[in-house]
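Questions regarding the structure given below will be posed in turn.
Every chain is named by a letter (A, B, C, D and E) in the order it is written, and numbering of its residues begins at 1.
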Amino acid sequence: MLKVNNINVYYGAIHAIKGVSLEVKEGAIVTLIGANGAGKSTILKTISGLLRPKTGEIVYEGKKLNTMEAQDIVRSGVCQVPEGRRVFANMSVLENLELGAFLRKDKVQIKEDLEKVFEKFPRLKERMTQLAGTLSGGEQQMLAIGRAMMSRPRLMLLDEPSMGLAPLLVKEIFSIIKEINLSGTTILLVEQNAHMALSIANYAYVLETGKIVLEGPAKELAESEQVKKAYLGG
Amino acid sequence: MQKILNKRIILTILVLGLLYGSIQNLIVQGKLNPYYEINLLLIGINIMMAVSLNLINGFTGQFSIGHAGFMAVGAYTSAVLTVKLQQPFPLAILAGSLAAALIGFLIGLPTLRLKGDYLAIATLGFGEIIKVVFVNIEYVGGASGLSGIPHITTWNWVFFLTAFTVVFIKNFINSTHGRACISIREDEIAAETMGINTTKYKVMAFTIGAFFAGAAGALYAHYFYIIQPNTFNFLKSIDYLVMVVLGGMGSITGSVLAATALTIISALLQRFAEIRMVIYALLLIVIMLFRPQGLMGNKEFSLSILERLGRGEKHGSVSSK
Amino acid sequence: MKLSKKVALILVLAFLVTIAGGCGGSKPAPAPAPAPAPEKPKEILIGANFELSGNVATFGISAVNAIEMAFAEINAGGGVNGIPLKLVKVDNKSDTGEATNVATKLITQDKVVALLGPVTSTNVLGAVPVATQYKVPLITPTGTNPKITVDDSGKTREWAFRTCFIDPFQGFVGANFAINTLKAKTAAIFIEKNSDYAKGLAEVFEKTFTEKGGKIVAKEYFVTEDKDFRATLTKIKAANPDVLYVPSYYEQDGLIAKQARELGYTKPIVGADGWDSEKLLQIAGAKALQEVYFTNHYSPQDTDPKLVKFVENYKAKYGSVPDALAALGYDAAYILADAIKRAGAPEPAKIKDALAATKGFVGVTGSVSIDDKHNPVKGAVIITFDKDGKQIFKEKVNP
Amino acid sequence: MALLAVNNLTKVFGGLSAVSDFNIELHPGELVGLIGPNGAGKTTVFNLLTGVYEPTEGTIQFNHENIVGLKPYEITQRGMARTFQNIRLFSNLSVLDNVRIAYHTHVKYGLTSAVMRLGNYYKEEEEMTRKAIEFLHIFNLDRKKDEIAKNLPYGEQRRLEIARALAAKPRLLLLDEPAAGMNPQETHELMNLIKWIRDEFKLTILLIEHDMSLVMGACERIYVLEYGMIIAHGTPEEIKSNPRVIEAYLGEEVAHA
Amino acid sequence: MEDLLIFLQQLINGISLGSIYALIALGYTMVYGIIKLINFAHGDIYMVGAYVGFFAITKLNMSFIPALLTSMVLCSILGIIIERMAYKPLRNATRIAALITAIGVSLLLEYGGMLIVTPQPRAFPEVFPQTKISFFEGKVYMTNQQLVIFAVTLILMVLLQFIVYKTKTGKAMRAVSFDKDAALLMGININNTISATFAIGSALAAAAGVLVGIYYTSISPLMGIIPGLKAFVAAVLGGIGIIPGAVVGGFLMGIIEALVSGYGASTWRDAVAFGILILILIIKPSGIFGANIREKV
């Protein structure tokens, strides 16, 4: 479904991503783990068009994402849940969700999808008219995911959904991610919490200082000594 | 460490002395065209204004656009002392500076609670209020201004006061007090939790900035024969803001360079009469498009940078970006 | 984007090179040798120190346009004593310091033999000390502050002249007209706070009016930038004066007349020569100009061919009708040319003496003689408006 | 005798209680954790203690002195320092300057000696720089002293923030999610560092953290906050087995881990 | 009774002056609200709007409405061009750098305008005839033009509020204003959204320019400086970025000025207006309607 071929990304003079290639198969949950500053978020931002690779290409269902505008990437069905939630704090929950469906014109289906999101996150329905900024961290994360769902993505990119959340909430969020995946959305997950990420993913990549150092089925990686030592605290 | 510092100080004194001596020599011999002299003096006055505003805007991060108001206070106070009360010029300069500092302190105390654009508009408002006050005092000539001010300001006065301003503010910045101001710019809350009395330092920066603006005003008044409130309107404040931004917020040498460059450009553009301001406007836009961080960013131009560059080292503590 | 940035960079560089080049050319020789003046100079350099940018640029540009036109006419007629005049035009940003700066430049760098401008009194006061120091005559076409030509001790300033009406006479005429012709017992004065012209006129008007038994019931102020005078006019109207004296320039005057009438003030309004402009009618409308009188130097019905020609030429050249500042600037240029001619040689001291001796010079703003205080002596007329807003002659007053 | 005694602390924001009836006591040398779900009011407690917010009700006794109503800088001067959840370094300044600013309260030379370069200016500046470098050495940052703070990698920024807080010579150190964004290995190192500085500097430490390995491994006592109120308090073992805490915060797995 | 009538007249004077400030402040606050830029050139776009209206009426013989629309359309385009050329490249630079550029644009429009249309003031033709309305036996007056400006201000305020809060473009604007990257991830075209903001803001300025031109009859290249400054102050007074705030701030400024001129000393007017502004800011640091945002610590 998504193929990243040997991309190089720079921040000014800093070479942030050095020749990374990865693949996401339709229907899978693929995770990208690694230390802070390894370049995980940079890869996601490059896929969704916020950054441009200097060389290499990103192919999604035959289309070259690396030359497309961000809004066209969203239109083609790739949507990112950004790190730190980034909900529109000065707008209501409902307006946030409506913005998720910004590019869609199918009013009827939008309504249906809205109901689906509320079904999944009943708490959002309760707080429909509340300003997003007044939600707690966990609720904001739910809103960010719900907002992304509103664009009907076929590939959802999640950036650190567990960051700064209480253990109980982390669990809840991950089970929701699993559910979203089961209902047909492919997922590329970037996570600090390697333990949780590997527990729900099918396939995983390990990133270190801008390079992929390890990849394999999630279960295998979870057992690997190297990963255990560095990322699982074992 | 101590040794390098001394070497730098000696070098600086040498360069300044050379600059002073050569120009003083030209003046004494009558070889300096009076027009160049005017513009040299204007450069000095503008450097004082830009550097003192940079302390407030660039180093302490308090967005002030009423600096011409302090200049007005200094100009009027000193002129009243010399014209109406027949006091000596040094006393007039000091009184003008102190009066401006006092006004700066009084204005700073309540307004520095405000942030960003709100502070900017409040300082702009104060600048305009100061202007209106002078318009309404007939004792100092009201709107038509105070004329007949003796022509006392000379190259000596301007040179030494400008040098004093720059050295004072540079030393201030490189002390714990200056670092306290900079930390406010960087993160006010963190500064406060580091034990820094942010109000005190904001007001301090504001007061010192106003003090030197007042001194610059006194020099200005005693060079140009007449002062009127409208000379110190918000467009004048904007002129100084432009110098600070163009030179680089948080760079003293940047302010000095920009004040010099803009004064010269302004003089060169006099001959272009009607299109003068059009050229000036285009220049502003283009410079900002190419160097939005200003000529110097927040770096300082110093001989030691050249030295280190010469040795092929990366310059350290002041490099950013 | 990249490309346009490059283009912009090249443009700026080109600019700077041009400017630097221009500057290099004018650098004075390190030691200006006192070369003996040539028999007949190629051209006579006159400095124009005017407000071409800043808040009173409108006035400065008007005046300088008329001066350039006058110079072109003079040169077309063979110049002065066969030598063409050349205007060195410089902007002073409507700033007093800059006016000093520019005056110094004109005298010491460009070596002009006489200075014209600036237009506002304050800026003139910034330039007069420079003219005095370097002994070059300065003529302001419009600066009305008495201090321009007379210093604090009452002594006439040797090098400073003006060619505009001095305030006292016009204010005096205005007040007499209000009392005698309009039979006013009470008056209100509406003064432009930051204009020496308005302040001077108002002062004399008030003095004359009260001396003759009238009473000033309201004295209010505005600033040049104002466009809405309703609040103050409401206050003035409440004081119920028989006459309202507004000695300003036509843009504000027009708005004041219009707004006063809108607020139901129907009594006479009296003004001074600043009211004289074709734009006044467009701004105020004919209805607002009923019962409006102003003092001026010449009458519109006086079909002086000189004036008609001036108005036509100005219109043709600049696409707009000349205002009072243009007329005054035009006359200043001719008075200067006349003085140079009489001086015999384009030397500052001789020009100064010739200027001081100006007698009965007939310009577009009337006949001008320079008195011992370096002020012009002119006659005055009173103008009013017919129902279409056309200026009509009311009465003539002589000094 | 308690170093910090908080009684009945309450903070109301626009009608909503962010913190209510909060009581806590810290003794010298203790390392105590404050945990709870997002939005429970943990950071608000820190802001109340450090004077960033003023409490609606309640008292805060620090070192036998009531500090309610004091400005943040006054509280810092009395010996309390903190770090922030979202790192707040002086990001355009060098690593060294970040630490030197923290010494501010201990500088004795005045404005005159600063601008005139008189008296003890050079001596104190040199002394301060020397001490700052020593400090950076402890945190293994001395080789980066001239680096601009914002260019440091994340983990080092966290360390620098702690170093900066310690340079203010506090008796009580408040750490707000110091392990956020760190991987398990880094977290483990951080835990050791925190324990070490507590012993080395004879500090009392209160920390907010979601990473249970850190909290359970380092803290002697833990307070659990939910909806602005303390719902549990005790040793790590007690907290792990407290059903209310499991329900509100930990979830089954962590408790059994 | 007499005094009361005078007070009423002063109130009308103040509100009519305030309507003009409000009208200009609307565009100011709108642009600020979305991209946090003090668009210093706003007052000058207002001037350009007045001139476009003037030439449309005098040279092209248009009637009022077509002239107004022409001016609004041309100024929208001007606004977009200015944004693209002068502000867009600085989107990621410091805000003060953008402010300096805005000052540059402002000077360029003022003095470029002076070169093109001459500095002389021009008289706006009377395109809709003025009628005087008087009450209380001719003791209190107002004109139909004052009423029109007042009504247009209120209508535009409501319209703007509707656009920003109820339309898709408005939602996009608010999203862009809050978080550009997050807005991009929603598929919002940032450039188009900002252009739309400038287009609307500039069209509002143009409308104000034409109306004020008709109302005061005189226009000049520097006419935008003072009203621009006052309108900005009005916007800050009401809480910058908040649309009804701009209108309330504008009215407040107008009324304060009228009352100071009418009952105090007219020469202290600006000082009192600024003094009240500062006082309000000290009491309520983000303006009358501004939410006091607590900084997240």
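The rule is simple: a residue touches a chain if its C-beta (ideal position, glycine included) is under 8 Å from a C-beta of that chain, and two chains touch if they have at least 3 such contacts.
Only a predicted model underlies this, so the values are computations on that prediction, with no experimental measurement involved.
Participant: Show me the overlap between the contact partners of subunit A and those of subunit B.
Facilitator: Touches both subunit A and subunit B: D, E.
Participant: Based on which chains touch which, give the shortest step count from subunit A to subunit D.
Facilitator: 1
Participant: Averaging each chain's C-alpha atoms to get its centre, pick out the one most distant from subunit A.
Facilitator: C
Participant: At what distance in angstrom does the C-alpha mean of subunit C lie from that of subunit A?
Facilitator: About 72 Å separates the centre of subunit A from that of subunit C.
Participant: Would you kindly tell me how far, in whole Å, the mean C-alpha position of subunit C lies from that of subunit B?
Facilitator: Subunit B and subunit C have C-alpha centres separated by 35 Å.
Participant: Report the inter-chain centroid distance for subunit B and subunit E in whole angstrom, where each centroid is the mean of the CA atoms.
Facilitator: Centres of subunit B and subunit E (C-alpha means) sit 33 Å apart.
Participant: Send over the residues of subunit C in touch with two or more other chains.
Facilitator: Within subunit C, residues 5, 53, 55, 61, 193, 223 contact more than one other chain.
Participant: Which positions in subunit A touch two or more other chains at once?
Facilitator: none
Participant: Touching at least two other chains at once: which residues of subunit B meet that condition?
Facilitator: Within subunit B, the residues that touch at least two other chains are 135, 189, 274, 276-277, 282-283, 289.
Participant: Under the definition above, what is the set of subunit C residues touching subunit B in their complex?
Facilitator: Touching subunit B: residues 5, 8-9, 11-12, 15, 19-20, 22-23, 28, 30-31, 52-55, 61, 89-92, 95-98, 100-102, 104-105, 108-109, 121-122, 125-126, 128-129, 145, 147, 151-152, 193-196, 199, 223 of subunit C.
Participant: Please output the residues of subunit D touching subunit A within their complex, sorted ascending.
Facilitator: So the residues of subunit D touching subunit A come out as 35-39, 85, 153-155, 177, 180-188, 210, 212-213, 248-251, 253-254.
Participant: Where on subunit B is subunit D touching in the complex?
Facilitator: Counting only subunit B, the residues touching subunit D are 1-2, 5, 167-168, 171-172, 175-180, 182-183, 186-187, 189-198, 204, 298, 316-317, 319-320.
Participant: Contact residues on subunit B for subunit E in the complex?
Facilitator: 57, 63, 110-111, 113-115, 117-118, 120-122, 125-126, 128-129, 132-133, 135-136, 189, 234, 238, 241-242, 245-246, 249, 274-278, 280-285, 288-289, 292-294
Participant: Applying the document's contact rule, which stretches of subunit D touch subunit B when the two form their complex?
Facilitator: 50, 52, 71-74, 76-77, 81-82, 84, 88-94, 96-97, 100-105, 107, 109, 111, 114-117, 121-122, 124-126, 128, 146, 148, 164, 168
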